[in-house]
Amino acid sequence: MEIKPAGKYIYSDIELDREEGQVIEDLKANSQEPIPDPDRWLDEKLEQNILLTTVDALINWGRRSSLWTAICFPACCAFEMIAANGPRFDLARFGMEILRASPRQADLMITAGTLTWKMAPNVRRIYNQMAEPKWVIAMGACAISGGIFASAEYAVVPGYNRIIPVDVYVPGCPPRPEALIYGIQMLQQKIARRKNIDVRKLLER
Amino acid sequence: MATGELSIYNLVKFQAIPPDWPGGFWWHWLFFTVVVIGFVLTMVMGVIYIERRGMGRMQSRLGPNRTGPFGLLQPVADAIKVLLKENIVPVAADKIVHWLAPVIAFAPALMIFAVIPFENGALLADLNIGILYVVAISSVSTVGIFMAGWGSSNKYSLLGAMRNVAAVVSYEIPLVLAIVGVVLIAGSLSLNQMVVAQDIPFILLQPLGFLLFFTAGCAEINRSPFDLMEADSEIVAGFHTEYSGMKFAMFYLVEYAEAVAISAIITTLFLGGWRGPLLPPWLWFIVKVMLVFFAMVWTRTTLPRIRIDQLMAFAWKFLLPMSLLNLFITALQVLADWPTQLIWAMIIVNFAVMAIIILIWSRFFFRLGWGRIEV
Amino acid sequence: MAVRTEPFVLNMGPVHPSTHGVFRMRATLDGEVVIDIEPVFGYLHRGIEKLAEQRTYTGITPLTDRLDYISSMSNNLAYCLAVEKLAGIKVPERAEYIRVIMAELQRIAALLIAVGAFLNDCGAYFTPFLYMFRERERIVDLFEMVSGQRLTYNYMRAGGVSQDLPEEFMPALRKFMDMMPRFMDEYDRLLMQNEILIARAKGVGILTGEQAINCSVSGPVLRASGVNWDIRKADPYSIYDRFDFDIPTQATGDCYDRYRQRVEEMRQSLRIIRQAMEQLPSGPVRAELPQLIRPPTGEAYARIEAPKGELGFYLVSDNSIAPYRCHIRPPSLINLTALRDMVRGWKVADLIIIFGSIDITVGEIDR
Amino acid sequence: MTIPLSGKDVASKIEEKFPGSVVESSQDNLVVKGNFLLDAARFLRDTEGLDLDFLNFVTAVDYYDHFEVVYWLSSLEHNHSLTIKARCYDRENPVLPSVVGLWQGADLQEREIFDLFGIKFEDHPNMKRIFLWEGFAGHPLRKDFI
């Protein structure tokens, strides 16, 4: 058997890899502290009149009833996530069966799986590509704190909240689909309390 | 009934609006344009609901059922959400092209409905060249889609747009040839006249033409199994990868408005349009459109997607010869005056011809897996 | 007139709908034709081999669950076999049978996903995938009965399994076994003879037997290339030499063959489970062992036929409670060696289905 | 059953062909010198009766004073297997010849060893880090990696 000489392939330049490595190192250096959860607005009291409240309620109803998911399924939890989309648990009931392949059209990122430093710039980029308003559910122990891989510090990010702000945490390794659905309902409750029209800003004009 | 220049007076029969309103018939045009847009938007919401629920049931799931009764308000929720999302324009994008693309894609999808009869004579403009207008207009969307692919400056978008252009250029030919068969039998290019001529639905007289039109139509509007331009397992979201917010909503709308348009044309050309017993004509029309759309959902959930070179080969090596044969046979029959004299013989003969031609051609002349065409 | 063209680089992944996780390919394309691809790994490198050096032998089993997370039972089995080989542990008879039942159920579950994901990559909009998920749920139910988990089971231990089968397990398994052949026929009817699928997959991405052996490819991909090599027959571990089953092979080694190969292997797995159910003896399910295993100094390599190929654990012991070195032979990673040769000259759409037909799990590639 | 070949027997055969190539041999395995690795591997693959054409895996073990690279070979035809090893004592810049030209299956695994242990394989077409990024300091699977 004749073996074709190795080196017939096109290999990318090592400079490209170095640049990518530099991005990762920079991100690693800059994200040692967790980003606080973006839920301070929940406690704020805003003056609302009936009209605005109704409009708010309508907008929030629309937003929470059609949360389209961005694709970000690094690891094990992805299969519980797909199982939740599957016939038995059926996230489609909440209008969530559409997995938008393009993050620009997605509202919700379910981070199902361990995040590594090599992956972190990509996750942040996906998050940045998503259009406002957007939400993040950290699914599983690895997504919350690094889980059982947390001690492999050289590769594993201890929690997605080092990279992106997280709205809801769903613990478990992996969480059962029921737990994920509960987490989604928590998020829906959270969205329902959101004030979209800020009266003070309107008055200031 | 006079066609063409007096078309607006046909509307009078449909809706009790006096023709002597101030400002002549411009009022009516405006009014009915709004009605048509409303109809299209409602239909799009309806078909989105049908698709998501129907697909859910076919995949042994439930589908959306939390918003309103039976989840009927799901498309409303989607619309509210999508319209209020942030609009992102990539830095590298060609801003003007990126901005114009959804508009150019959206307008033709609406314009098709101007010539589709909802009831006898009830249409915005009863053009005597209605079907030619449809053929001409429906291709314009492609320009918008190609602009979207180019303007996004994204490789996936560009690949998706290129695929779409290739598909539309190829499938336009069998599509038009399939229409010509109907035109020969009906003896008119006006869509309303075609419906009036259908004492029995033309699907019985033109079974092969119907299949060709359905297939080519699916390819033209990129429904599965020809949904290569937004094949999400290959090129992410295709030409609208970089679109978000309202512009994405436009593309989403175009996708389904085109599906409704093709369903409506199929209904008009082959299924007898608004004609039917008992129910009012417009209801018949809507029911038929929904049925055709349901068939599209069915193919989408069942069939895998074909490859780009197979898509081309299928158009040129299978659909084109089929449609030419179909046209030839139909022309002979029309020449022999079968459609008026020997209508039952024509039905039987055409079904037999369809079965034999498809069988022979797919057995001996063309298989999807045979060979490749470089595109 | 010659049109001047130039190849361009398309970066697929790490987050792409069809890369089965976080795998990335730098594809060099000429129009839609793939000139070459360069796989980029490491987006899920969690240092499992490093972590294993810090844990006791018993504590490593949960880590193995998360390797190839859609076939956790197989990973457990391979690891436990390696520890038993290293420490010379004898496993009770009943435990062996339970292990075989679990491993074969897991094979069916994993192959269901492999086939479903492949059809999904072909563009059959989620329908076959969700159908197969429906049946996978039934298998997951069975696993949940014995281990209490839905995905990461941690069920097998060195020297047996963690606990005996619960009372309701056997009736449920019997019910499942009665249903499953019917569902498999349903899948065959759904798409096996579909014209479009055949046109897409037949003759695409051919991997010859010689090339497969040279690239160290194993599992269904190797057998689809016509090489009759199954570790269950060639090097029987556990009690596989007691069962009567066939090793299906295919002729050409294209995507369609790999798809068929997986479907047929599911049927063979059903045969094995049926025999194991009949022969299941009673008795203890776990050998009497100390809490901390201290194998003698030495090394051992134990391998099994996992759903994706040859899964092996190479353990080096220095007579302490933790392995000195724990190397995992990942079938997914090594099967990918052949990917470049398979995709060159095909189109982007083919690249996706060829990649899908190899069936990888990123957790196992990167570890 | 796969029969493990006796390292001693095979060692004598290799020694016959390439004198001085085998460092030590036992019942389970044999250790060859690094500079003879490629010759020995080609001999094992091509010799009639051995035909070790399937490279099951390549891995490395760090013994502080030296690295041991383990090649587990088997023959699908005769259904036997053999473990050969090679050692390199240089900790700063360990180098071994690459076997990619013989078994393409070693491609990604050698890159993995380079990444995690820092052992460089000569003549490998693409000796770059595989799992970790360029610029990562150290090699995680070395015993002295913190």
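Lettered A, B, C and D in written order, each chain numbered from 1.
In this section, a contact is a pair of C-beta atoms (placed from the backbone, for glycine too) under 8 Å apart; a residue touches a chain by one contact, two chains touch by 3 or more.
Fair warning: this is a prediction, and the values are worked out from it, not measured in the lab.
Chemist: State the chain with the largest centre-to-centre distance from chain B, centres being mean CA positions.
Modeler: Centroid comparison gives D as the farthest chain from chain B.
Chemist: Would you mind telling me which chain pair, A-C or C-D, is linked by more contacting C-beta pairs?
Modeler: Looking at A-C and C-D side by side, A-C shows more C-beta contacts.
Chemist: Just curious, how far off is chain D from chain B if you go by their C-alpha centres, in Å?
Modeler: Measuring from centre to centre gives 62 Å for this pair.
Chemist: Using mean CA coordinates as chain centres, what's the gap between chain A and chain C in Å?
Modeler: 28
Chemist: Measure off the straight-line distance from the CA centroid of chain C to the CA centroid of chain D, and report it in whole Å.
Modeler: The separation of the two C-alpha centroids amounts to 26 Å.
Chemist: At what distance in angstrom does the C-alpha mean of chain C lie from that of chain B?
Modeler: 44
Chemist: At least two partner chains per residue is the criterion; list those residues in chain A.
Modeler: Expected reply: 3, 9, 11, 86-87, 101, 118, 154-155.
Chemist: What are the residue numbers in chain B that touch two or more other chains?
Modeler: 59-61, 232, 236, in rising order.
Chemist: Out of chain D, which residues touch more than one other chain, so two or more?
Modeler: 104, 107, 129, 131-133, 140, 145
Chemist: If each protein chain is taken as a node and each touching pair as an edge, is the resulting graph a line, ring, star, complete or other?
Modeler: Looks like something else, not a line, ring, star or complete graph.
Chemist: Kindly provide every pair of chains that touch.
Modeler: Result of the pairwise touch check is A-B, A-C, A-D, B-C, C-D.
Chemist: In the complex, go through chain B and note every residue touching chain A.
Modeler: It comes out as residues 52, 56, 59-67, 71, 73-74, 76-82, 84-88, 232, 236-237, 240-245, 248.
Chemist: What residues of chain D sit close enough to touch chain C in their complex?
Modeler: 1-2, 28, 53-57, 59, 61-62, 70, 72, 76, 79, 83, 103-109, 112, 116, 129-133, 140-141, 145
Chemist: Can you check the complex and tell me which residues of chain A touch chain C?
Modeler: Going through chain A, the ones touching chain C are 1, 3, 9-12, 71-76, 78-80, 82-83, 86-88, 99, 101, 113-114, 116, 118-119, 122, 126, 148-149, 151-152, 154-156, 173-174, 176.
Chemist: Across the complex, what residues on chain C touch chain A?
Modeler: 14-17, 21-22, 26, 28, 35-36, 38, 42-48, 50-51, 54, 62-63, 66, 69-70, 113, 130-131, 133-134, 136-137, 140, 150-152, 210, 214, 340, 362-363
Chemist: Taking the complex as given, what residues does chain D use to touch chain A?
Modeler: Its residues touching chain A are 100-102, 104, 107, 123-126, 128-129, 131-136, 138, 140, 145.
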